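Beneath this line is the structure, given in structure tokens, with notes to follow.
Chain nomenclature is as follows: A, B, C and D, assigned in order of appearance, with residue numbering initiated at 1 for each chain independently.
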Amino acid sequence: MANNTVKTTVRKESFINRMGGQKFIVLLVAIALFLVFCAASPGYRKTTTFITILDYSYYIILMGIGVTFPLITAGVDLSIGTGMVCYALVGGWLIRFHEWPTGAAMIVCILFGMVIGLLNGFLVAIMELPPFLATLCTSMITRGIGSVIVGGFGIPWPTAGADNAWYRNLFKLSNGSTIIPIGLLWMILIVIIMSFVLNHTKVGRYTIAIGSNKEATRLSGVNVRFYHILAYVICGFFAGLAAVSYAAVVPTVQPGTGAGFELEAIGGAIIGGVSMSGGIGSVTGTLAGVFVIVLLKTGLPFIGLTANWQQIITGLVLIGAVLIDIIKTKREQIK
Amino acid sequence: MANNTVKTTVRKESFINRMGGQKFIVLLVAIALFLVFCAASPGYRKTTTFITILDYSYYIILMGIGVTFPLITAGVDLSIGTGMVCYALVGGWLIRFHEWPTGAAMIVCILFGMVIGLLNGFLVAIMELPPFLATLCTSMITRGIGSVIVGGFGIPWPTAGADNAWYRNLFKLSNGSTIIPIGLLWMILIVIIMSFVLNHTKVGRYTIAIGSNKEATRLSGVNVRFYHILAYVICGFFAGLAAVSYAAVVPTVQPGTGAGFELEAIGGAIIGGVSMSGGIGSVTGTLAGVFVIVLLKTGLPFIGLTANWQQIITGLVLIGAVLIDIIKTKREQIK
Amino acid sequence: MGEVILTMKEIDKSFPGVHALDHVNLEVKKGEVHALMGENGAGKSTLMKVLTGIYTKDSGTITFEGKEVEFHNSREAQDAGIVIVHQELNMLGHLTVAQNIFIGREFKKGMRIDDKKMNEEAKKLFDRLNIDIDPKETMSKLTVGKQQMCEIAKAISHDAKVIIFDEPSAALTETEIEELFKIIRDLRSKDLGIVYISHRMDEIKVITDRVTVMRDGTYVGTLITEDSTKDDIINMMVGRVIYEDPKTESMVPKDAPVVLKVEHLKAGHMVNDVSFELHKGEILGFSGLMGAGRTETARAIFGADPIESGDIYINGKKVVIKNPQDAVANGIGYLSEDRKRFGIVVDKTVAENTTMANLDNYMSGIFIDKKKERDVAQKYVDDLATKTPSVDQLVVNLSGGNQQKVVIAKWLTRDCDILIFDEPTRGIDVGAKSEIYKLMNQLAADGKAIIMISSEMTEILRMSDRVVVMCEGKKTGEIGIAEATQENIMNMATREIG
Amino acid sequence: MVAGLLAGCGGSSKSTEKAGSTAASSDGGSYHFEVVVKSFQSTYWQAAIQGMEQAKEELGITYNPTGPNAESDIADQVNMLNSAINAEPDGIALAACDASAVLDSLQTALDKKIPVVCFDATVPDAPEGSVYSNVVTDNGAAGAIAGDKLYEAVKDKLGKGKVRVGEINQDATSANITERGMGFINKFKELAEADGHKVAVIGNDFYVGKVEKNAAEADADIVLEVAVPSQTTVDLCTTEALNIMNKDDTIAIFGSNQVAAEGVIAANANLNVLGDKIVAAGFDAGTAQKAAVKDGTLLGSVTQSPLMMGKGAIETLTKICNGEKVEMEQPTDAAWYDADNMEDKEIAPNLYD
């Protein structure tokens, strides 16, 4: 008897895969790290520590979310680290030496970030420069520009308590003794919005499509250049936002710094499952990945490791976090 | 009538293309930069300056040649910067605190580099970690290990004139007043050898093939894993060599440093025409690219630019150097 | 057939080193299926790419619906009503089927892309076209055949006036082709103009109304299909007559030794308890429907995918094949069905690809002997009549069929005793096809053993000495060529076992 | 000013409040301190840790040293400081990378009544009462020592046409380096102007911007050129030094920390101008610099006492915890060393390899 239908055995997906695979593992790693640090150090399990960790995670999270977009297009943005510091410098300089209102300076930060993003996008999408090189160059340029504009001096943004320091309350409300880290709420909100953008809007869809197969996307009649540039502009936008949150925690923004932050953000994104060869990635994954990095950075000193050992352990844990998923996937394939 | 021959209009290649395209342009840029700096600064056109520039270019050149291999496999090695410093530290520590002969310490440097290369290769080729992340992690690990082994202290290699400082003569012979930079000869020799390896041996052929289409290469019966790992081991070997040449020029090797050197080497390779998406690149191109970077780094202070402007100009020149070729290619395509 | 909707006149196009189109003409009417034929590299795809704005023409005119047009990109062509199903797959592997089909024209609900509606629409489309694909599946997980059907569905979903199919059937099985023809007839009845490119003569006779033939970038002529014979068309294409008759009896001597024996092979998701024997000098055809597991069987034998259980004997000796190296060392060669992904290194030269599997023979000391390499590459370019300006041409610039010839050359340099040809003539023109057939017969006569996986029934019947039929990962039958007919093979290919 | 002895952790207020959680501290004996240094990058900080190690053995306390990877990782250090505060130690010894970056954290420490002792670098705007004591080298004075010595050495060459004096500073952000750099500039300028010379300071914007009554380059007979590399690496310090040392009118050069001084030494490797044509001074120690001082390549160098600072910081914290009274400013001296005195027993221990 002929039977034309093909039997489709329902593939039993593992619990982890149903929860989002690597993302989920990384989240577990983050939670595990947190618990280990809490167990090992009394100082770590305090609310105040938690708030401090959050304070210093916002800008890395924001940069990570932003850089997820160029990464998904199979590009990269190395300029966000020094760029972020550059925008914060320029914003602080406007407030301090030109008496701009804080709000206006914040907008300048974000716009400046978008302009550099536009430049990166132009170089990559129109001039077809390799993203690694193009953004390495803009990274140098922004580092220089920031210092030149402010004249080499460190710039403090309005400190807590000053008139125009309301922006600090964006990240942390302190009612006398209790401190509410509302920055965390913002992060959650932004992650939700950007997840939506990535998964349910044209911008996100075409970002993924460009990373999957740029030429095929172009042949489908998509304005590839526009969306390719947009990915970098989004990244720049978030670097600008990160500048604001950075200025809110670091009393003085120092020119010449910032190199290395981009690696934390990019590293977080990759651990969170973003593929550097493009087409794959999620904002929630990036969030989880960045958390792992931030937790390691803040937690290792608490368990009494010196700087050198912190480096070694960070490297090993990050490799481990990614390996878990890879080994799991391999085992499943063999089955 | 069957006519199997294809009509071929003889392609008129431009002079630049016949000379090697981007490589050649980059070489021209390097020469132009050199001439500009010489013209602008009397200090720059001295032999001694030239020799110092060479001294500080060897380790970047060596790292650049090495990293060309992982780059061609569509990977990257971010660990060479801190790695190189780590090997130099360990080598110097053996000489100083364990009275090892210099030659033995040099061999340790190189072997250590190859071991880290092997680790990178294992993580990338066998465990299939993203190269960016895997080598970022080993970069942290080597930074930590170097400091831990030497106990955090800066390590000077035997200074010129000391008994066991013969290794310095490998790079520079000084007969009283005249100094012969024989390091340059070594570099030329190494470039010739590695060009040969890349273009005329199996190792090179398969490195390129892996970068172009790894799966097709595997299905041709090539031991892809072996050659993929080998690319990283070669890179590690050169990082070890670079460590020796670095130790020969800096008075003290400081733990915790080295981050950023890898970007100069990778940047140089990319400017010299190596494609980060794999399959394309040449050792001579890398050499030219690294020269552009080294010249900018050493020349800009001489024409009176302050640090910030040096950054900006470096970024702009590098973008320009790559753009020339891209614009040229585009124009040819439109024709 | 209605009025003329599209005219291309005196189209000229050159690439560096190649004069791809030399004053070519083409005229398409409403409600006709117009075949575009020609050998590999004749310029068919290039002509269509010029039409749809992917390449800019050097000279000539395009008239569409009475107006002269010039499209600058595929979007403009699409908007005007000309869509194309490309010869090379253009999928976005990371997106779902529905997302692929509606890329660039998503349904929206406010800001939000309405994926639900897209899935529904895709489902409707598939139902109408009688295709069984889950719109929510990720594209890269589908087989080549299913991906091709998605591409076709995507083209049809446009509200087009002219649809171009560039070798749609190359990746499809017989049943799928039947479905495709139903779809095309339906489109024809709706007064669309259809350009159909294919190398399969049978199809041309069945589905098309007129045929335009190209040769070496020039226009040869246009025929009415009904009024012309297969031989007329072939003659116009290659300048001679080629005969393709089914094989009637096995050429293999009865006592030929078994070179390859596979026992109870189990691998991957699909291959389940497959056993067969392959004799010296034999061409063993593997037939079956799409997804029958033939490719996976071949890949498992070749070591490309891990084997779960089962034994492989070569010349009576049990061998362990863990990876392609082991297979190659044991004298097995494998020509993949997906040449772009697994067959060639596209951005390397013809010469480099030719020696890829056998570099050891082209070394002098530790150095590659480039002269020897180019010589052997040139030899196979001549033998297989590969159309390329030189052996230094990058493979990416060759036409699809010529790329296939380069892959064949790769395995021929390596003198393997056992060759697995997975869809060896996919996308190859009649002339070259007969060359490859001749070559396979020659190889078999020289004592090589060949497994030929093919979805083209005529090919199976013409070439095989024996046929193995698979269905759903199991071997469902084995039949000598003398007894094999289209009917009994189809029967086995759809047989429920156990 | 004498600060906060009553709030010391061994004092009554805290021990009653926290009797349960920090039982050990109420013994008055084994205190635990958090130490945040600028980095572990340089041997300088290792010498400081060595001093702490000595204090640990003498006083029977425990401490936990942390620090960022580079002195420019300001945010990292603030982070570590916050972590240290949250660990609620009996006291914190801090060497701040950036004086204004730690202000918020110091406020938190004050709120939590954790005493802070700054060593190596001060925090001038620290919240009242948060910093109990500063154990620091007066960097301005230390830089001035080099200025003084170099001026003495080149005095005779002045007044015969325009001359150039170089200064290499590793960066323009850290307080130590900038104070030292300015200390040198101001001293040299002051001495030269006292002798009737006109001094123009040129080069890095930051330093030039801090000079008062700067002369125009065209009018001056002494040009003081300040160079800062674009990154704090030896090779870039070398290039900057090379540039200045290659100029015909250069007569002296000063490198204001180990990296900068080694840059000067490295630049001389091929040029061979130090000693006779150009007089050079360094700062800090290290094998290369010590060798250069010994063979006369460098006229001499300035050393701080990192060991004493580290030890002093821990001792001071212990005193505070014991409720003893401590001085707000506890300067540790910097000293000039040259080929003649570098073996002296007051000098030699500070000259780390």
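One rule holds in what follows: a contact is a pair of C-beta atoms (placed from the backbone, for glycine too) under 8 Å apart; a residue touches a chain by one contact, two chains touch by 3 or more.
What you are looking at is a predicted structure, and each value in this text was computed from that prediction instead of being measured.
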item	value
Of all other chains, the one whose Cα centre sits farthest from subunit B	C
B-C against A-C, pair bridged by the larger set of C-beta contacts	B-C
Gap in Å, rounded to a whole number, between the CA centres of subunit C and subunit A	44
Where subunit A and subunit D are represented by their mean Cα positions, the distance between them in whole Å	35
Whole-Å gap separating subunit A and subunit B, where each centre is the average of the chain's CA atoms	30
Subunit D, residues touching no fewer than two other chains	39-40, 69, 204-205, 230-231
Multi-chain contact residues (two or more partners), subunit B	143, 147, 152, 255-256, 260, 307-308, 310-311
For the subunit C and subunit B complex, residues of the former touching the latter	14, 16-19, 22, 41, 215-217, 238-240, 302, 304, 323-325, 327-329, 334, 336, 341-348, 352, 356-357, 359, 363, 366-368, 370, 385, 387-390, 410, 431
Residue ranges of subunit B touching subunit C (in the complex, touch as defined)	1-4, 6-11, 196, 200-202, 205, 208-209, 212-213, 215-223, 279-280
Footprint of subunit B on subunit D - complex, ascending	39-43, 45-46, 49, 69-70, 203-205, 227-231, 233-236, 238-240, 242-243, 246-248, 258-259, 262, 265-267, 269-272, 286-289, 291, 352-353
Subunit A - residues contacting subunit D, complex	41-44, 46, 48-49, 52, 56, 144, 151-154, 156, 159-160, 246, 249-252, 254-257, 260, 297-298, 301-302, 304, 306-308, 311
Touch list for subunit D against partner subunit A, complex	39-40, 64-69, 72-76, 78-80, 82-88, 98-104, 108, 171-173, 204-206, 209, 230-231
